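Have a look at this one.
For reference, chains read A, B and C in written order, and residue numbers begin at 1 within each chain.
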Amino acid sequence: MTGVQKTGQAPEETGRTPGTSSATPAKSVESAKQGARRSYTLIAGCVLAGLIVLLAAVSFVWLPYAPDDTSGTRLAAPGAGHLLGTDKLGRDLFTQLMTGSRIAVEAGLGSVLTAALIGVSLGVLSAFALGWLDDTLAAFLDILIAFPTLLLAMLIVAARSATLGSAVLAIGLAQSAVVARLVRILVKRVLAQDYITAARTSGTSWPRVVAGHVLPNIWPTLVVNLALQFGLAVLAEASLSYLGLGAPPPNASWGRMLQEAQATFTTAPAGALAPGVLLVLLVIGVNLIADGLRDTLDPTARRRRA
Amino acid sequence: MTRYLLRRLAFLVVSLVLASVVLFLLLRMLPGDPANALTSVGASPEQIAAARHSIGSDKPLPEQFTHWIGQLASGDLGTSFVSSLPVGPEVLARLNVTVPLTLAAFVLAVVIAVPAGFAAAYKRHTWYGALLSGISQLGIAVPVFWLGMILIAVFALNAGWLPAGGFPPDGWAQPAEAVRSLILPVVTIALVMSASLIRYVRSATLDVLDSDYLRTARALGSSFSGAMWRHGLRNASVPVISVLGMELASTLLGAVVVESVYALPGLGSFLATGISQHDYPVIQGVLFVSTLAVLVIGFAADLVQRIIDPRLRDRLSGGAR
Amino acid sequence: MSIKKTSVFSVATAAALAVTLTACGGGTGAGSASGAYDKNATVNIGSLYEPQNLDNTAGGGQGVTEALNGNVYEGLFRLTDDGKVEKLLAQDYKVSDDGLTYTFTLRDGVKFHSGKTLTSADVKYSLEKVLGKDSQSARKSNLEVVKDIATPDARTVKVTLSKKSISFVYNLSYVWIINSQAKNLKSTEDGTGPYKLNKWTRGSALSLDRFAGYWGHAAASKQVVFHYYKDATALNNALLTNAVDVVTSEQSPDALAQFKNNQNYKITDGNSTTKLLLAFNDKAKPFTDVRVRQAVSAAIDDKKLLESVWGGYGKLIGSMVPPTDPWYEDLTKVNAYDPAKAKQLLAEAGYKNGFDITLDTPNYDPHPTAATFIKSQLAKVGITVKINTITPDEWYTKVYQNHDFTATLQEHVNDRDLVWYGNPDFYWGYDNKQVQQWVAQSEEASTAAGQTALLKKVNRKTAEDAASDWLYLYPQIVVASSKLSGYPHNGLNSQFFAYDIKKTG
């Protein structure tokens, strides 16, 4: 995860061992209090992430300068003409940050969608599969998870050349293993419940079991996990771009902006700090949303299960 | 248990072989010509053909494959297309950087994360519990290369306390320099890694704190620390160990970015160079060793979990948490 | 892989400079810095170009030339600062009247690092190695005029050519003389230079130790270590933290601000022969039309580009010829920046509303930066550029071998590489019979003046035809600790003579 973080999936739900989640009456008051506080978490997350998404959305209709306008003085300091100064080509840094936010959001969404699509299918398949097939799939997922996203990205880039699409594909594939493993465990857990056995003995078909019982039970946890994966995908895309494996120039990816500004860290620090700060804000925002979602979604899920 | 061990071992070998074969074929399917790394602008068609011949990439695929399998069977990872040097010793040399880097970062991360995660859970209603959670939130969101850039700027360029990158040419024969050059990379990895570990430890601890058995033990007169020690630690450590195994494995493989920021001649940078030059023997060699490491670490984590928690012993695959 | 590695051509500034310094040093001391230097010093050299292997006929790359050429291996000749050839292992040579037979007399008492004495057999072996079937030497095609190599005695080598080649001696300066009995040349060496290989740690460093048995002036410092970095920032950081004493070729001009006005460092701006090209596929529409090529050349403000990429360093060029080549002429006025004229030329060629092109751009600096700039410049005359970022490997297959491109960016490091315009099968597909004839004649010219006159014609013609767009000439910036002296200023990326580098305290 050093390179491209991805294993840090939602600890607070996957970490729970079965049987320890039963809330005692004494705790319910505190839970309610906590719930109220946690909704602040959700709000804070929405504000932070929303800010970046807004920046990205606005970039489609308005930018301070054209993205490839090289008319500025190179490496100008932050000031009136250029809010955050310019890069070495004389392009406006704030403009680049705005188009960069677009890439970050696109990378996050694209990766998570890919991961969800492949991961859920694989996970459900594995959970329903028996014996050796399940074991094999589980081990395959373990290997895939341990493999760096970066490596996958390098191979995909070698095959398809460096584009945002390649990066998203690589990140999505890598994350789909994480999602698949989570889904596998969740589904298995649901399938072990008595009411599934009851439903099956009363003649409900498997597809109906999945649609009626399995998916409703796993989606809160899944959504929370996907939200966390979004943040990790944004980080991963930045790392790939930093290594020159992401969106190619002239697209301004935050990771590449940081890489380019690294040479002038001491002389023109704005370029080496601003993209990093936005990146951190976006990821914290999304993670807070995930935390908030868990606390609003999970108690209901638990209650239903109980 | 023996049956489990045997099955697990057989599984390890089969996965390794399968992964290697798939990789061999996958690499050959990629566009790109490994001979390009040897030729240069101005090279004549004859020179390009000679380059392909010298590395054997002009031979039919089945022939290349049997050659490679034969080598592997005799414990030889092959010869680099580009340097014509054997890959095996080179991988070992790179491990001299990557393994100490990873292990030191891992240990440091655990040393930071376990007490911090416990404190964040146990004192979650106090300001410093909240602060710890907040810091870990921040840590998870920071890209590792950016942290590296900042640490270099502060501790190497401004303060001049530590080297900004590189590894001594004589490696561990210059122990002081080697250690100094690994301090910042280790800290960089450890900080980012501990941020997410804190969250795992915190949630595992929370589970234990909320658990009935701890309450029961307390009600029966155990001191808190006694109950925690006897029951809590064991239960909390099971999910954490699984995560630790994963973290260790992926750090070992994923150190490319940190190695790039700190210009370290580790396994990750070796792989990166190999990929950019389409040096198949290098890619295959590195990935073979890494896959082995991943499988062995996963195995070890599983085993430790089973020893700690007897309930898991009837389960075959370890992944489930 | 870096395309740049082919820089077999290198200005041998260092040689001349070195000779001067040594001469002075032998007397009363040349300046304060070199007066009291440490003979037992280790000089740490920082570089971006690690050798791929140690054999320059087996794809060792640019790094092997940088580290080993002149330091570990020597040729019969070497290039001096002004591009002239100087005798090195050849003590003397004679050319027959028909210009087809060269007789070389070898220097006496030259020893290889293994202890063996240099003989004519080693020279024959070395030449044949370059010409061999498996040779990846970039000199191979130029030296293929060699018909026969005879060794009448241990100190005489007689080479017969199949046709006249005015550049033969010049080309010989790229042929390393290697012990004919040496083995494992990809990972070890056996040359005659002032330094011998101590240890090569792949991915990290290559160290050279002073060779006690050197035939000439002993190397100034006891040891030099080349430290290899993958990116310019890491390299600069190493210099800032004294991990290295000198950076062979600064590739991150923005970082220079850290060294400027700092008395601990010296910046030198030398001559380079590396040109950044916007190469058109002259055989593909729309660049088959000379007016389109001229229009594109005129639409790009090279000066602004150079300023953007190099911030005041580097030079503008109007053709493939750098100022250090004998046939240099200032042609920057030809197809100079003039957007109005560009638009007019495009209209004449039938592209009043411009056109769309894909620009194949290698993914390493400065190409992406230049591509971004070109995109914005060409947009102003109605040309829409799609930047297609590719790896060096892809570039090599797609552009260089398959000619599957419309326009591309590439740096060409060699000096005297104007002659490629005489090869219609070269990747850019410039096909002009007159130019081909001039190039062929120039190689068979009897005098250097004759060669120069013909190549000047080629130079002007290709410039007027806008065969490619030569964007700028790279600077050759060396940044060194002020404790250092005697290092090469102009030594191109690929050559870095280290034997006279002196370090104080």
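Here is the rule we go by: contacts are C-beta pairs under 8 Å (C-beta built on N, C-alpha and C of every residue); 3 or more make two chains touch, one makes a residue touch a chain.
Everything numeric in this text was worked out from a predicted model, so none of it was measured.
**Q** Most central chain by CA mean?
**A** B
**Q** Please tell me whether A-B or B-C has the greater number of C-beta pairs in contact.
**A** Higher contact count goes to A-B.
**Q** What is the distance, in whole Å, between the centres of subunit A and subunit C, each centre taken as the mean of its C-alpha atoms?
**A** Roughly 46 Å, centre to centre.
**Q** When the C-alpha atoms of subunit A and subunit B are each averaged to a single point, how far apart are the two points in Å?
**A** 21
**Q** Using mean CA coordinates as chain centres, what's the subunit B-subunit C distance in Å?
**A** So the centre of subunit B lies 40 Å away from the centre of subunit C.
**Q** For subunit A, which residues are shared contacts with two or more other chains?
**A** 158, 262, 266, in rising order.
**Q** What parts of subunit C, by residue number, touch at least two of the other chains?
**A** Correct list: 391, 394.
**Q** At least two partner chains per residue is the criterion; list those residues in subunit B.
**A** Each of 31-32, 157, 260, 278 in subunit B touches at least two other chains.
**Q** Please output the residues of subunit A touching subunit B within their complex, sorted ascending.
**A** Those in contact with subunit B are residues 1-8, 11-12, 14-17, 20-22, 24, 27, 134-135, 138-143, 145-151, 154-155, 158-159, 181, 185, 188, 231, 235, 238-239, 242-243, 255, 258-259, 262, 265-266, 272, 276, 279-284, 287-288.
**Q** If you look only at subunit B, which of its residues touch subunit C in the complex?
**A** The contact residues of subunit B facing subunit C are 31-33, 36-44, 47-48, 50-51, 53-54, 82-85, 90, 93-94, 152, 156-157, 160, 163-167, 169-171, 260-263, 265, 269-270, 273, 276-278.
**Q** Under the definition above, what is the set of subunit C residues touching subunit B in their complex?
**A** Those in contact with subunit B are residues 1, 3, 5-6, 52-53, 58-59, 61, 133-136, 138, 140-141, 186-187, 199, 201-205, 207, 225, 227, 229-231, 234-235, 237-238, 240-241, 243, 391-394, 396-397, 400-401, 410, 412, 414, 417, 420.
**Q** Over in the complex, which subunit B residues touch subunit A? Could you list them?
**A** The touching residues are 11, 15, 19, 26, 29-32, 105, 137-138, 140-146, 149, 153, 157, 189, 192-193, 196, 199-200, 202-204, 206-208, 210-212, 235, 238-240, 243, 246-247, 249-251, 253-258, 260, 268, 271-272, 275, 278, 287, 290-291, 294-295, 297-298, 316-317, 319-321.
**Q** What part of subunit A is in contact with subunit C in the complex they form?
**A** Per the stated touch rule, the residues are 68-70, 74-75, 88-90, 157-158, 161-163, 244, 248-250, 262-264, 266-268.
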